[in-house]
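Given below, in the form of structure tokens, are the structures.
Look at the two complexes coming up: chain A is in both, with chain B in one and chain C in the other.
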Partner chain A sequence: MRRTPYFYLQLAFTLLVCSFLLVPVFMSIIAGLTENFFVGVKSGLTLRWIGVVWELYAPTIFRSMYIALATLAVTLVIGVPAAYVLAKRPGMMTRLVEEFLVLPVAIPGLAIALALIITYGGFRDFRTSWGFILVGHVLYTLPFMVRSVLAVLSSFNFQVLEESAASLGAGFWRRFFGIVLPNARSGIVAGALTVVTLSIGEFNLTWMMHTPETMTLPVGLADSYASMRLEIGSAYTLVFFVMIIPLLVALQRYGVQRTGTRKAA
Partner chain B sequence: MRGRENRNLLLMVAPAIIVGAAFFLLPLARLAVVGATGKLGLAAYTAVVTNPQYFEALASTIVLSVTVTVATLVIAGITGVFLERNHFFGREALISMLTLPLAFPGVVVGFMVIMLAGRTGLIGELTTYFGAGRLVFAYSIAGLFTGYIYFSIPRVILTIMAAAEKLDPALEEAAKSLGANPWRVIVDVILPALKPALIASGAVCFATSMGAFGTAFTLATDIKVLPIVIYTEFTLLANIALAAALSMVLGVITWATLAACRVAAGSTAAAAG
Partner chain C sequence: MNGKAGTAIRLADCAKTFPNGTRALERTSLEMRGGETVVFLGPSGCGKTTLLRVIAGLESPDPGGRVYFDDEDVTNLPIERRNVGMVFQSYALFPNMNVADNIAYGLKVHGVAPDKRARRVDEMLEMMQIGELRERRITELSGGQRQRVALARAIAVQPRVLLLDEPLTALDALLRERLRIEIDVLLHSLGITAAYVTHDQGEAMAIGDRVAVINKGAIVQTGTPREIYYKPASSFVADFIGTMNRVDGTLRDGSLELPGGRIFWGQEGSGAMQVLFRPNDARIVPEAGAPLRGVVEQVFFLGDRTRLHVTGVADRAVVVETTEHGEFQVGQAIGLRIEPGALLRLRD
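After this line comes the complex of A and B, so read on.
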């Protein structure tokens, strides 16, 4: 295929954006593996800082993982069906419901946390459990799942597909699982990617809502940036990167596969 | 038949509504009430305009968020359409890398800005090397701008790519065969088709920037954005009522923007259909 000059111009621009995003990542990875970052790599490479992070912050790592998975499960179960209903019955009523469901995006995490603490802070067992953090994460990520699925369902006329399935005798649930979900897959995948990554990285809400027993990874990161030496903060950031990269690659591959099969079909 | 379907649909949307009502609407109502029950009473809600300190914070937060949104749409628009359109070796790797920072908390983004433009940052090293003195801007408004673009680009790129996937290449071919140059194809074919996605992702980008806290928290800049003011009032000054009132004001501003943008994006889609 012949490439135009525009192609190379855009490629150069994309590479520039890419390096803006990635150069500091590599710098912090190196800092986390260097004996003394201010002296430079010549001071020697070490895994010492990773060990320190594991000793200090290991529980935050596991906690962030299971909170993210629980958040994904909840947003899938309550978000995808909700998005379908909104796409299926566009009107005044569903418009209001949509407005309501995506409202948490408009409210800063700090404010949602503040509101939750004021309202449910009195229930001590709930307040100090990880379920309290889960509630915050679900509120924060649900709009992204609903939006993502809704955007895909609104971009083509799935009702026609449903009607032909119905005329062949497919019932409501059969149509939902057999027609709607497969066609909404790109939206569900993008939504799931967003939910998991946002949950693992959520800071604004969690910073306000956490107790020492429910500290998550990003809260620990803020703690290490403020009170530990740069190498420890960097090593902790490296642990965070190691955690999310396989997840991102897996989700990405799944998304690409879908595009491939659809184009082949 | 129809009645039964409506019942099923209600059953499907009910859980989301219940969760939203119990854990969002109710607490938010409490927040609004608490905002009016402090020392200032209802005047807490007008303090954001009448108090110069809060007003300045609001104004700089809005200017910053608008600038970040425009810059992000341009950058992510070019990159997103390019990556959706062109298939070349290393494309998947590029997409993975560009969407990687999606998972970065604001605090990490702040740390990345320090790596780039902090006191021992790369940019400072480079400008020193070239004899221009040490350029350090991580702790200024430029540092905030850099950080906000950093966390906005990956999110907007995903939306743009999803929309670009649905573009019909036949329309562009038709425009080209009718003699349109690439610029006209972008302005007359691609941009109108992407408009709903641009408006929607721009609105989300603006709202996220308005409420962003972690990046400013890590950079500890002398420019006070509104979320930092709210945090300070709540945590350090224990002024819960004022923090609640300021959060409500901030929330109303961003919600109104999102709602207006969705109406605009919706009418565009309707006009196109």
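After this line comes the complex of A and C, so read on.
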């Protein structure tokens, strides 16, 4: 294939846009690994700042992880059956419920957080526990799980599969776990990856809802940017990248596999 | 459990009204003898699938309706405890399992031991001649292969009755024909009671021991294919199954007078009336001395037979079919003979 000048023009433009997005990421990583960012890389590379981050913020990293896993568990237990019911009884009511479920995505996180604090702020133990953060995360991520599972369930006629399983003698639970869930797996996995990714990166809600005892990674990041050296904030970002990028890659791959096209899930 | 003797099925006063008020099935009673294949035939939306689903236990009849398998009242038994085999138009195979696991599913649910299960799966694969597909994924199968697997899966558990909902509709014509013959042989060799839903009258004729013609939620006629074809109980049945000529004539002195001539009929009474006959019941004879005369208006050569549209015989063109090899020309004058027994008179 002969390449025209036009091709090289396009390539140059694409690379320019990419670098516009990637250079800051690269700079941030370098900043986290440099002895003194103002002096530059010639001051030497170090893992010292990551050590500092670990000392100061390790609890926020673990907290973010287990909140993400707990959020996943709750959204699985609530979201998958909810999607199943929604798919099984399409109608006015289910449409309404679906729209209602999506509301938290449309409303600013701060507003939701405020509403939760106004409502449950009086329950001190709950307010100061990580369970309070969990509630916010579940509210925010649940629609992503429901939508993802619902999309897969709507893509094949699972009702007739259930009917044929029933005719072969399978009762409800056997059909649900043996036929419905395995065939909805791709949607469940995609939903799960989305939920974990969103929960780990969630800032709006969490910033408003957190207490010093329930700080998560992104809130810690903001804290470090505000009050620490630039190198520490950047090293912290690096830790965040290490956690989130594998999830994003998995999400992208799964989205591609499922639809067969390059459509981000 | 064993379907060899064939379970008799009886529906008594089964109607079905859906929650939104749609009346899918009028009060229907039906008896299916053990080992018999009954075809539910009708246009789409006529209620034939609802009737099948009532037998299956996927829909419960409105209060007052009862469903019996032999002498057992199964009305309140959910589908998973009725032991019915179902075959769907969309095959409904489990995509998360391979062919062998699909066939074994019902056996597993019924608690059949693994070694016995494996033997039964082998038996089924062999019976349906799909042994080479054993390990295949469902998505790798063609439509015809899928329907064979679906049949094997339904039969594997030795159901009391086999229910087939438009099993061939999704297949192309040639395959449909072949699989139809296979299903026919299979049903009779198993001696299983079967209900078969279709909108295709040719399929119904070929496969049914009896055909129940359904229209607007009610069975309008039940009979052997021959009875349905030659003695339709209503003009709906007459028109739905095959082509039927419908002509206006006058009965006088035991003969039917048509514009193109007269046929001795031996019927009592007199006056104008509508009379029906099948295209293959009108025989083409030399024009001279023929009881009915007409002119060929159109010729359709169909391979195994020739279809003619003939004018002048009646008040409108009639359709005539012949298996003779002779060629016909448009505008050619021909004679027709219709045996008195082939003429039908309907009340509605």
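As a convention for this text, the second predicted complex is superposed on the first by the 219 of 265 C-alpha atoms of A that agree within 3 Å, B and C clash if a C-alpha of one lies under 4 Å from a C-alpha of the other, contacts with A are read in each partner's own complex, and residues count from 1 in each chain.
Here is the rule we go by: contacts are C-beta pairs under 8 Å (C-beta built on N, C-alpha and C of every residue); 3 or more make two chains touch, one makes a residue touch a chain.
Since we're looking at a predicted model, the values are computed, not measured.
Of the two partner chains, neither chain B nor chain C is touched by A:A12.
In the superposed model, A:S164 lies in contact with chain C only, and not with chain B. Of the two partner chains, chain C is the only one touched by A:R174; chain B is not.
By the touch criterion defined above, A:L47 reaches neither chain B nor chain C.
For chain A, the partner that touches more of its residues is B, with chain B and chain C as the two candidates.
When the shared chain is aligned, chain C comes close enough to touch A:P182, but chain B does not.
In the superposed model, A:P218 lies in contact with chain B only, and not with chain C.
In the superposition on chain A, A:M93 makes contact with neither chain B nor chain C. In the superposition on chain A, chain A positions 156 are in contact with chain B in one complex as well as with chain C in the other.
Interface residues of chain C facing chain A in the complex, by the touch rule stated above, are 56, 58, 78-86, 88, 90, 92-96, 105-106, 109-110, 150, 153-154, 157, 159, 163.
On the chain A side of its complex with chain B, the touching residues are 4, 6-7, 10-11, 13-15, 17-18, 20-25, 27-28, 31, 37-38, 74, 77-79, 81-82, 84-86, 88-89, 97, 99-112, 114-116, 118-120, 135, 138-139, 142, 146-148, 151-152, 154-156, 172-173, 186-187, 190, 193-194, 197-198, 200-204, 207-208, 218, 221-222, 225, 233, 237, 240, 244-245, 248-249, 252, 256, 259.
Note for the complex: chain A touches chain C at residues 156-157, 160-161, 163-171, 174, 179, 182-183, 185. Of all the residues in chain B, the ones that touch chain A in their complex are 4-5, 8-10, 12-13, 15-17, 19-20, 23-28, 30-31, 34, 75, 78-79, 82-83, 86, 88, 92, 94-108, 110-113, 115-116, 120, 122, 150, 153-155, 158-159, 162-163, 165-166, 182, 197, 200, 204, 207-208, 210-214, 217-218, 227, 230-231, 234, 240, 243-244, 247-248, 250-251, 254-255, 257-259, 269.
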